[in-house]
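Look for subunit A in each of the two complexes below; its partner is subunit B in the first and subunit C in the second.
Presenting the complex of A and B:
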């Protein structure tokens, strides 16, 4: 039984089952209340995006009307959901999605293969490579970005999808997470498969990958959020609409003289949906595996 | 590689072929990651050290690039604005650490129990963490509206009208604190998850034993929970500190370093030097300094974790 470390009321006796269930429900609802207060700004965002009148949105915000819309309308969404022109948020959303999907899928493959070899391979320099990966983890994205922009523009990659994907596919953190996950699986698994004459790649593909759903889920969520929220990098390497992601597009609202809060909010809601779906799909595995591995690192 | 390890005579021939096949397969599997890291991480990293010691501009000019030694570093260290930005991120860190980690710790304590709707509750508390910083800026940009935005109305209501409306993002005394508020709200979710895992890692038997010994809930918290979470605390504090020193997006969107440079940060300073003033060499020097800061924090973490022998 796991209990709240601070809770005053958690007697060992199991006979008090009923009152305990009642207490738990009360606890649950109070926590729910706190949670709703914490995420009230998000709820406000959703409501405001359904209001038509830009000036009314700001006027409503200080009162309970921020959480209520009498005549919901999708007009803000219709205004911005274009695929060309000034408000091509349909296109920006698609760009971000394409970048996310390709980054995450190739990242899962590339990083897990490397992690597998580091955990179970028989390469001589394995230990050195592992140490290198751990050391590289310290380098922050921000401190390599200057020369990287120049490298990419010399390679003629400015304003492409590739420039927003390739640099972030392989990552020391994810190689290490996979390494750690694979290394804790029993040794017999590998040996038995090897005895049966399976090749290294086959063992990886047919035995280890199917067992690593929690690790795959964790890395998918982390990589997905990371890719989705990239801001500094795409502002430096995109100049036109062609491959501009939605994060950069939303930020341009702030550069305007008067901010169109109605449109900014609709765009923001659009931006939240995909990553919310990603999280809901994988959250089952998230807490347990993400953490076990991260803390020891 | 195996040839040197094992005498050829011992191994049957097919085994050797299999070893070779295995070797190339493993190389093939690890090569994509290593190649990508070499191109997109190691190369620019090494380049930044070199570029930092030249006068290279962002856009190539006909005049050749000159080696200038440590001149860029000297210039960075004598620019008062750099010290302002370093002081600002330090200030930001000092404020955001207790707010963000405290929030994460408290919510983790709340959620660490068997409850109805457990997954739903966790998901709700985690929502801000999956919200993009740009979206967070849209939301808090409206909350911070001056003089009659929601936050000012709440403050006015709670103080009975005593506190005058605050120009959250426009007042040099308040701007960084406002950035702290929205940053902590956006990011506490990840630290909460780490704390949850840390709490799960404390064996139930310890609690049971403490309870049998008659320890009160508060004593159990102090003598079982807190010691059990020591490595988690170190980890959370360190990643939050590193994250804080890289502060950029919210400042770039909401304040552009202003008002009166009160929210200028190291990364924002670097990006401005590199892309607005086009001084790539100078900006690279700043990026090297940023790396050294992050490295020092990471080394400190290792030392602390060693001491707690984890």
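Presenting the complex of A and C:
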């Protein structure tokens, strides 16, 4: 390369470098902007929960004062931390956690077993069963909710923890998700274990389940969020604070004539924390599994 | 050792007998269920009242079933389907006709204290009465109304006349003239907030806008023939809703997206607010002396205001209606329950409660709201098709405010209502009422 060519190439490389830096700045700025937009409602929620005047919270909404608190107080948290009486929010939080844990654990077992059988089991009419599972997925929960209320009531399960867990343990979406995941694993694994004399359950438990951490994480998060956010169903099937979850309790703050924004915000912050922890803990698997299985959230 | 064993055995036997006796007593208790909605304050007020009743009546156990306000109707439907209606239920007054027609309620007159019945205001009686047999099926401590709240500073700036009584209410010309002047006033972004932000999931549009339209000679349905076509899509209704649409088009009305706080939010961007009696507490807390309460304007010849709120009925399936009535009477007379209701600026539905509510007494800030109850209140159509009537009407208003043709939207709503009535064979005996 001649000196002339070198002298021309140097500014070109510099300009390419500049444009790359510019692109990175635009990218970073865009990401920051999106992050700000996403996080601002959560920040507003947190700020509002530290104000003790519900009328002031309402008056501040729609202006930048919604993002600022001059005299922060934990009085709303103290108020809702009461574990006794009609407003037992600690109890509601515990109820939600208990329902979530049992639903997720039993859901993982039931749905993964069903998915495994559909993927590797020697069932007759497996394809039809699979089609039925997919078909069931498109039926919205709301359309079956009233008959389900009657069934649960006749079974004597009203106002119990069981009524909030049992109907949602088996889910076509999660069965299909597990099926898809198991079906992608090499068939040789199954055949080799079978030749070694392992039972189907042993193969499921000792070989396929340990390889399914991303699927387990995805299903845990999706089921957890679904269970945590349940509102209509527990409203219909619970009567007292014995088994009522926190989502229903928060709705109590939205009354006929007045809305207790202060306490609703504090209770919402408390309700958000476990889901955030769950998401942060399983984030890596969650993202990889979503990308891998191309499931749309 | 044997004696010791014998003593222990005897003690255990006595303890078991005592336990069994206690269990027997517990079993002997009559249990009544009461289903209600309300925010935490009301939940506590009902809980405390139930406890006081149980102390005074140790043989009765009152079990409260609470549902959030927004999901109450769904909860009620679930209870109906599961055949688990409670003994006492709270219900929104305009739905009473539907519930009685469906056989869910029984008359309360023989079940509650006579002095309570005499204590009810006319408006309270009308909200709890079924038009077919003229029987009282529900009773409440409270009622409701809608008034105009004005920003004193802005109204003085445009030289608006401040009405002192219901008779003195603004006419349509005055009202629209003030809206126009306010729209040009510095500091005013919107002349009026009609609380579009409440949306169409609540009863607000039918409850609050209906009276304005009725004042203009319109109604949701012909209350003699019980048909909507020809009335809801008649000339008076089309003109009245076109008038309201015009306010929206001119940018005079706070849009849905701006929420429900523009009257007193920073800078006080809305000059007037057409709000329920409950709005006074939050607005007065922020605006102090800069708030004035006015009667609803007369759009036509006469002024009309809404009424009706959440009241108490006793279910037809109750196994203990007398005890349910006894508890209901206790609750409505309970001093502490009434004290709590007062702190919530509750609108009185009982004369004795009105006399004890300085907010609504003569000279009180909401006196004009109470005056409306006896002079201009008209109940929403007491017909079993009311759930369809309100839903169709609210959807039509929403479409009209979003730019649809008023005639088309109202004709579609009227058709939907008439179809529902036809599908139910006229809801007999309402079809014979003509």
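Everything that follows uses one rule, which is that the second predicted complex is superposed on the first by the 248 of 297 C-alpha atoms of A that agree within 3 Å, B and C clash if a C-alpha of one lies under 4 Å from a C-alpha of the other, contacts with A are read in each partner's own complex, and residues count from 1 in each chain.
Keep this in mind: a contact is a pair of C-beta atoms (placed from the backbone, for glycine too) under 8 Å apart; a residue touches a chain by one contact, two chains touch by 3 or more.
Here the structure is a predicted model, which is why all the values come from computation and not from measurement.
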| item | value |
| --- | --- |
| Subunit B or subunit C, by number of subunit A residues touched | B |
| Which of subunit B and subunit C A:111 touches, first, second, both or neither | first |
| First (subunit B), second (subunit C), both or neither touched by A:69 | neither |
| First, second, both or neither for A:217, with subunit B first and subunit C second | neither |
| Contacts of A:251 with subunit B and subunit C, given as first, second, both or neither | both |
| First, second, both or neither for A:121, with subunit B first and subunit C second | first |
| Contacts of A:177 with subunit B and subunit C, given as first, second, both or neither | neither |
| Partner chain(s) touched by A:239 [first = subunit B, second = subunit C, both, neither] | second |
| Contacts of A:58 with subunit B and subunit C, given as first, second, both or neither | both |
| Touched partner set for A:263, first subunit B, second subunit C, both or neither | second |
| Overlap of subunit C and subunit B interfaces on subunit A (superposed complexes) | 58, 61-63, 146, 149-150, 231-232, 236, 248, 251, 253-254, 259 |
| Subunit C - residues contacting subunit A, complex | 37-44, 47, 63-71, 74-75, 77-78, 81-84, 258-262, 264-266, 276, 278, 281-282, 285-286, 310, 344 |
| Subunit B residues within the subunit A interface of the complex | 1, 21-23, 25-30, 32-37, 40-45, 47-48, 51, 58, 107, 109-117, 119-135, 137-143, 145, 148-150, 152-154, 185, 193-194, 196-201, 204, 207-208, 211, 217-218, 220-221, 224-225, 231-232, 235, 242, 246, 248-249, 252-254, 267, 270-271, 274-275, 280, 283-284, 287-288, 290-291, 294-295, 298, 310 |
| In the complex, subunit A residues that touch subunit C | 55-56, 58-63, 65, 85-87, 146, 149-150, 153-154, 158, 231-232, 235-237, 239-240, 248, 251-260, 263 |
| In the complex, subunit A residues that touch subunit B | 1-8, 10, 12, 24-25, 27-28, 31-32, 34-36, 38-39, 41-42, 44-45, 48, 57-58, 61-63, 66, 110-111, 113-114, 116-118, 121-124, 129, 133, 136, 138-140, 142-151, 166-170, 172, 175, 199-201, 204, 225, 228-229, 231-232, 236, 247-248, 250-251, 253-254, 259, 261, 264-265, 267-268, 271-272, 275-276, 279-280, 283-284, 286-288, 290-292, 294-297 |
